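To keep things simple, chains are lettered A, B, C and D as they appear, and every chain counts its residues starting from 1.
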Amino acid sequence: MRTIVCTLVAIAALLAGYPQAAHGQVRAKAAVTCVSAGQVLEYDCTIKLANARSGEPLSGLTVSVGADMPSMPGMHNVRRVKATEQAEKGAYHVRLELEMHGDWAVHIDLRGAVRDRVVAMLRFEEAEVTDVKPSPSRRGH
Amino acid sequence: MIDFIQNTIDGVMIGASYGLLALGFTVIFGVMRRLNLSYGPTIMIGAYFGTVLYLHFGAGLLAVAAAVVVGAVISGIYVERLCFAPMKAGAGIASMVSSFAIWMQLEQAAVLVLPRHTYPFPPLVTGPALEIGPLLVRPDHLIMLTGALLLAAVVQLALYRTRFGLGLRAVIANPIAANLVGVDVGRLVVLAFAAASAIGGVAGFLVLAVDQQVTPMFGMWATLKGLIAMMIGGLGSIPGALLGGLLLGVVEVHSHWLFGPQVRDLFAYFVLFAFLVARPGGLLGRTIDVELSHRA
Amino acid sequence: MLDVSDLVTTYGKIEALRGVSLHVEGGKITCLLGPNGAGKTTLMMTIAGILRPRRGSIKLEGTELVGLSPAKIVSRGVALVPENRLVFPEMSVRENLLAGAYQRRDKSGIAADMERMYARFPRLKERREQLAGTLSGGEQQMLAVARALMSRPRVLLMDEPSLGLAPLVVAEIFDIVAALNRDGTTILLVEQNAHMALKVAHQFFLMEQGRVTFQGTPGQLAEDEVIQRAYLGTRRVAG
Amino acid sequence: MDDYLVSVVSNIGIISFVALSAYLLLLTGEISFGQQAFFAIGAYAAGIATAMWGWPLPLAIAWGAAAGAACAVTLGIPTLRLRGLQFAIATLAFAEMVRILFELWRYQIDIDGEPVGPNGTDGFRNIRYVFDHNIEAFDFMMLIYAVLAVTLGSFMLLERSRLGVIFRMIGEDATLASLQGIAVARYKVFAAGIAGALAAVGGGLYAHLTTYVEPRTFDVMLGVHSLAYGLIGGLGTALGPLLGVVIDVGLLESVRLFAGYRMIIFGGLVALLLIVRPRGLLDERLVHGIGRLFRNAKSGTTRTGRGPP
């Protein structure tokens, strides 16, 4: 019993001692559209980034994109890919290579003037990619 | 009032398929005292056999049905050979985890063959709902119910009127004593797996033909529904499995009607939980020793 | 009739049988006595094929039984009435008897044998549609014996048939054992109740710690000594 | 370390918490299909605490753990007399109920002009603590492993303590344990509580790692996986479940060769492994053997022969 209490205290101490940092940053929002890149499970995605509050496009950022499956937490790690900035302001392009069809949470990590992560939930199928409205039924209708 | 009756009827019809799934589960659980999590996915593999025939060879309804059953039986025996036959006595939990690993395997195999999220499945019948007085009955639901009842009758006859059934019940009652009277338990277990998969195959075919679509998630769906219905009905009881399925169906349809699909699932699990806590033996179950506590 | 030689059966690293040899004569009642943990039940289970021996042989009239499945051993003519009876509780008395004849395919012969069992055990006839689980202990023991007989065994193995039964019922069971033997059944009987066993046995073996330590006929040793050795083991008696 | 490695290693650490949670219950002889529920409770509770109430992360994680433990104890009491399969299914039913309740639950407040909070099936987005506080992915990974190390350390202590012996005793034979005067019920509920807290800590970290959670993250798959990890890695030591996670998430993940066939190979390997080692790679016998080796080496004794058992 005492061991447990000590452990909990130790965890709490460790956590409490963790450094805190500053607040108040620009928040980003993203519009993601993906189309099949010809190869199975490869997709071309266009990401339009904007300041969440002002709606102003966010350009000049280092953008990397990863993905995981919410239905299998931690089990699928798609290697992060660097996105390339497009001519259009705030637009970035990336080619994603996924492991299977289904619903993916696409993580867009921003660095540079803004540090943030935006998550877009998309359903990747063979032919098309759509926004996800999770359906409660397991049979899939 | 009409709605209540209508929903109850619908629930019975859907519950019939749950009952069949539970029946297959019960047969396997009865002879093995072990949980086969791969039960649903083997049925899903059968369904994919049927879907491939349907999509690529234009097979008719009966051919698809046969393919589903055959596919389920083949993959069922595969699971038995890999996850159950080689496991020593007392390794019930290893069998269960192994069957889960094979579930993952079967699911990925299905996705490799047919990579899309959903595929069409041939409909049982097309046509308008039958009007019986103020009530509506979908003809495919009616066929599903009839099929389920027929199959249940066949299973009941096979269990109580054949030598195979006698041996099966002997193994379910007491595997050692069954050995001692000369039942070849190893062979019987394979046959039981095959029979259970065939039952599951028929159930799966009926459900999918009513849904008219199939996804790899069907495996999980079938395992969960079968498991819930079996536990509500009572472990190791054949009539219990059917009754549990019917009860689950009725509860689901009513709660869906009253509160929507999410609350429907909530209710189903709540009924299961309440049964387990208040009456662990289920509706008609008895206490049998389960080889699952990991020291068994 | 049944020859066991140098049988070794192990549970993991523990040797339950350490080289058991014994001979069961046809038409006789052979009794196996010994303290708890001597390996008597292990021996019975090994003969019936439920446990696999590490080495040794079990021959029924010259044919080897080691390596055969329990089902094959039943069809060769060895039936075991297990300790604690192990009837099928959710099956009726009639179905239990039918299960006993599982290896047989002759329907008319099975039907005739059923009638014979009902004649020998009238109480089973009265309760033939009753579930076996609802029978009394003595009735379950009768059912277990009848079920074993349904396979038409040449050798009947009985493991502690008197276990947990009232004295009157025990006497009844031993009457049945004697009667079966009079009708020509060879019996190997494991028994804790040495007093009763020595009354019916033609020959007996004493087992201790996985070995046979004495064999003889009743009367060869004073009953007191047999009983003492059967319950307590030689060492303590000797020293 | 590159980004990718950091994310894989972080995931391994987080999943290990659920695996340890299931493992602790296995020690006491119970199979739970439902530890993902506490992972979910921890994730939501900690996420709400930082994102909506502005709590610091350590406090939020601790609060999540407390919530997880409380729920686990609440579940433990009614399911106490269930055994084996019935217990397993009861935990499954509970976990699914929790998941569906999260699907139905909406609780949002306005922060900086945006709604923040759990939003039914759409999940709970914008758990931005890590970004608001400029914590690098690598640092967060170190945090995960610091907590994991403390947890593992306590597990090691537990295995040697009286409590650990009691847990294993209950797992071996609960009736026998109660005959020894052990209050089996109390210890079981206690174990369930700790297991709930462990899973909840994992959940809290997970929510902050990914910045979003949604109810279907916590479905049965996660629960059965976490149970399987203990069995793959071995039931002899708390390192077993970790090894299981490393094999699944780490090893197979890194072998790109398997892309598309990963589960086919992994599933087959697990099935074969369990035939050879039904209690996992690091099972009790192996762990015991290694332990003896160490002790012998330390005390300098040589084994000349084996005494009577």
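Throughout what follows, a contact is a pair of C-beta atoms (placed from the backbone, for glycine too) under 8 Å apart; a residue touches a chain by one contact, two chains touch by 3 or more.
Everything numeric here is computed off the predicted structure, so don't read it as measured data.
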Interface with more contacting C-beta pairs, comparing A-D to A-B: A-D
Between chain D and chain A, distance of the C-alpha-averaged centres to the nearest whole Å: 24
Rounded Å distance, chain B centre to chain C centre (Cα mean): 41
Centroid spacing, where centroids are CA-atom means, of chain B and chain D in whole angstrom: 30
Residue numbers of chain D (touch at least two other chains): 100, 103, 121, 221, 260, 262
Where chain C touches two or more other chains at once, by residue number: none
Per-residue multi-chain contacts in chain A, two or more chains: 100, 136
Interchain contacts (touch definition) - all pairs: A-B, A-D, B-C, B-D
Residues of chain B that touch chain D when the two form their complex: 35, 37, 82-83, 86-88, 91, 93-98, 100-109, 112, 220, 224, 227-228, 231, 235, 262-263, 265-266, 269-270, 272-273, 276-277, 280, 290-295
Touching residues on chain A, where the partner in the complex is chain B: 40, 100-102, 123, 125-126, 136-141
Complex contacts: residues of chain B adjacent to chain A: 108, 111, 115-118, 211, 213, 215, 217-218, 220-221, 224, 261-262, 265
Touching residues on chain C, where the partner in the complex is chain B: 48-50, 69-71, 74-75, 79-80, 82, 86-91, 95, 98-100, 102-103, 147-148, 150-151
Interface residues, chain D side, partner chain B - complex: 26, 29-31, 78-79, 81-86, 88-90, 92-94, 96-97, 100-101, 103-104, 121, 171-173, 220-221, 224, 227-228, 231-232, 235, 260-264, 266-268, 270-271, 274-275, 278-279
